[in-house]
Amino acid sequence: MNPVLEARGVGFRVGGADLVRNASLSLFAEEFTVIIGPNGAGKSTLLKMLTGELRAHSGSINYGSAAVEQIPAWRLACERAVMAQAARLAFPFTVYEVVRLGVDGVGRAKDRQSLHQMVAQALASADVTHLAARSYQTLSGGEQQRVQFARVLGQLKAGSSMAGQQVLFLDEPIASLDLCHQFDLLDTARTQADSGVAVLAVLHDLNLAITYADRLIVMKDGMIMAQGSPAEVVSDALLKDVFDVSLLIETRDGMPCILPQSRVSDRRLRGQDIQDSAA
Amino acid sequence: MNQSQDSKSRPRVGIASLGAAVGGLAMALVLTQCVPAAKAQTPSSERIVAAGGAVTEILYALGLQDRIVGVDTTSLFPASALKDKPNVGYVRALSAEGVLSLRPTLVVTIPNAGPPDTLKLISEAGVRIVQTPDDQSAAGVIAKVREVGRLTGAKPEADKLAAAIQTRFDALAKARTALDKPKRVLFVLALQNGRPMVGGQNSAADAIIKLAGGINAANAIEGYKPMTDEAVIAAAPDVVLMMNRGDPATPTPDVFALPAFSATPAAASRTLIVMDGLYLLGFGPRAADAAHDLMKALYPEKAAQLSVLPRP
Amino acid sequence: MTAVSSIDMDGLDSFVSRRRHEALQVTLGLAFAAIGLAVLSLGIGAVPIPPENVLKVLVAQAMSDGQILQGRDALVILNIRLPRLMLGFMVGAALAVSGALMQGLFRNPLADPGLVGVSAGAGLAAAVMIVLGERYLSGLIGKMPFAALPLAAFLGGLVSTLLLYAIATREGRTSISTMLLAGVALGALAGAATGLLAYISDDRQLRDLTFWSLGSLGGATWTKVTAIAPIILPLLLAVPLLARGMNALALGEAEAFHLGLPVQRIKGLAILLVALAVGASVASAGVIGFVGIVVPHLLRLVVGPDHRLLLPLSALAGGALLIGADMIARLAVAPAELPIGIITAATGAPFFLWLLLRRSQGFEP
């Protein structure tokens, strides 16, 4: 199967520092890919290059057979949708209007009623229909995040008739969400993947990453350290080398499961040691 | 607009009522416009708008005040001018329709009246616009009087007035020769924040000081400019000259309390002369009288010799 | 704006159609107000002309009836009031639309058309013409006595905007915040130069500067109207194109790009069209304050921030507002007239303070 998006040896440099170095990856239809890595690993920078927002200083990024910098903005908008980290809105748009922005640009040629249908569907998928008349600026951070998700879903829907294959980029999409809505959002993203979209998300919660990802990409210091299925990638060595923590990893139903609680007991134990040696 | 009255429609109701209010007000204005103009018709055929204090003054001096249908804001003398005649605004910011609404046949202005587009529109409406010369000198005043007389068909009166003014300027020139020790005069236009704005070369103040037989202490400056405290001391004026706006009750600031002025010869003798602004600087028909009055104030010791100026 | 707090799927449809209905009402209301004010401003002025004569003149113009067109009434209506009305509407529309565009571009509801440096540059150029023109440029002024000052102001505004744009653009991307900061610096510089010119000016030139900086629609001629129309109209015609872009930009530049917008091209186009339109406005009517801030702000409260509605309504409301303000300017002290900038600022500023007070009382963040 051909990748929807393929990056080869991509690099980005600012002021002499390499934010991303020689990164290569492929995104496939129906696949949910998750990037993990500590702060400053270059996850967002890599994502921005893949979306076309930043121009890579080296390497190549292709959507199908076309290089990303060759694709006009309107065409790119049909082929991929991007949910960035917390977006501030300059004016008191209503939630309906914000989601409508997602379908307006791409769905320019469609009639008003079908655009409205797409907005309604996106609102429902992100569970924000009840907020439709509210001003975006008065919402909580989590609600705003869900509205942005709805907007992105709307854009995907509107672009689906124009592009054969689509990519959904999610940059820390669940950072402000409550547990219930974290699952809701990732479930919806999973559904998108199942319907043929290539999904790429940056997540910080390793357990959720393991749970939802078909493929994990691990980044550190601007480089891709490992990629593969969660079972292949997640190991004691990974946690130690990349995140600089030592935690217990259990395996349940063939999937790795990280136990943060082990750190608490570990610390208690170490505390005991210190007290012992002091005595 | 319909009558939906939930709280959300308030801004729109606001706009609607605002619109209605504007409309009503405007209607009222239309109605008042339909009432014939209240100002009485003048018997003469010529209807003159005078733009510039000196022009108005000359027209009054020629006895043509009944033909004036409008004056500008600088027409402060005689005081009745702005009281009796409609005010067309500042001479350099005239309104085309405003002037035309007075149905003038002639607009007489000082040089540089404007704005140019307005003057163009007025002349396109078939109204003659004439600018008078405005030299700040004896000859300039005479020329201005003759020009206004020629324009208004009052040539004999203008000739008579011009001759009288000439006689007075001649007498003034003669009086100047009698002065042995000219005094240094500093004209202070304004004292904003204690900083003096003075009249330098090529200002009307400079011209009138010279006519009055004085020396402009602010010779080093061009036009009206702020002067530093040290420059005031260096200028060493014997007399400080200021103006008021025709109202003698206006209190003049105590200039000699300011440090810069306290060190001048003028402070020593406490010589401050205050005169009416338009009278002093307007260079209208009364310019010779103004210079003469100033001369008398400058040289009180010679007042006896100077007291008489030929009357028209 | 948002009395309804919770909506179900059916509610969504009715919410959307209600919003559309409200927008239509406001549009019609503003259109009637604009037409009404336009008719009134043709009908009243310092020269009393009965309404039936106004009608007669307009009909005569349409039928080219020479008899009536020779009269004074015809001259006042066709050569003074009508061009003034057109100029006022165009300038008001241009300023309000430019204000709304600048607010969208800078993502700041307090942005003003002056931010792109037009006013500073135009002001300096005008001051140069007023103070130094007679001494050093008499040849030019002699050749075109009516056009020299507006032309200089227009060019000055355009040059300063292009300068700002060049300063703020690196590698094909224009940084809006750099443009804002550079605009402040350039404004201070132009202000200093204008101050220096004011210092060396004489009494009369100083008054000219003051009057120019207060704005006026006086001296509106058909020449002026036909000269600035082709400069302002492109801005008004580009409104539908720019509205979509401004909406997307409200989410942020990156998001606008993700939505498929040619961000750099939209920014460049908006800045160029605003610079041209505001330059033409300032050149023909001087500096008229507050229209660019108050009109879009008020409309946002009434119809919401959607630029597809906001921009055309700003044009309508800005034009109507300036026609109304000019009527006050013409009539308040007739036969003299007030600078229109005094009226827009005197009514705009208190209104603006009221808006801010309302907002600080927790109306909307």
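A, B and C label the chains in the order they appear, each numbered from 1.
The working rule: contacts are C-beta pairs under 8 Å (C-beta built on N, C-alpha and C of every residue); 3 or more make two chains touch, one makes a residue touch a chain.
None of the values given here were measured: they were computed from a predicted structure.
**Q** For chain A and chain B, what is the smallest step count along a path of chains that touch one another?
**A** Each step joins two touching chains, and the minimum needed here is 2.
**Q** Pick out whichever of the two, A-C or B-C, is joined by more C-beta pairs in contact.
**A** The comparison resolves to B-C.
**Q** Of all the other chains, whose mean CA position lies farthest from chain A?
**A** The most distant chain relative to chain A turns out to be B.
**Q** Counting in whole Å, what is the centre-to-centre distance of chain A and chain B, each centre being its mean C-alpha position?
**A** 76
**Q** Would you kindly tell me how far, in whole Å, the mean C-alpha position of chain C lies from that of chain B?
**A** 36
**Q** Distance-wise, how many Å sit between the C-alpha centres of chain A and chain C, to the nearest whole number?
**A** The separation of the two C-alpha centroids amounts to 44 Å.
**Q** Mind pulling the residue numbers of chain C that touch at least two other chains?
**A** 1
**Q** Counting only residues that touch at least 2 other chains, which ones in chain B make the list?
**A** none
**Q** Can you name the residues of chain A that touch chain C in the complex?
**A** Against chain C, chain A makes touches at 48, 51-53, 72-78, 80-82, 84, 87-94, 96-98, 101-102, 104-106, 116, 120, 123-124, 129-135, 137-138, 155.
**Q** Chain B touches which residues of chain C in the complex?
**A** Residue positions touching the partner: 1, 3, 22, 25-26, 28-30, 32-33, 36-37, 40, 43-51, 72, 75-76, 79-81, 145-146, 199, 202-204, 207-208, 211, 216, 218-221, 224, 301-302, 324, 327, 330-331, 333-337, 339.
**Q** Using the touch definition up top, name the residues of chain B that touch chain C in the complex.
**A** Touching chain C: residues 1-2, 6-9, 11-12, 15-16, 19, 22-23, 26-27, 29-30, 33-37, 70, 73, 86-90, 92-103, 112, 114-118, 120-121, 124-126, 223-225 of chain B.
**Q** Under the touch definition given earlier, write down the residues of chain C that touch chain A in their complex.
**A** Residues 1-2, 4-9, 11-13, 15-16, 103-104, 107-109, 244, 247-252, 254-255, 257-263, 300, 304-306, 364-365 of chain C touch chain A in their complex.
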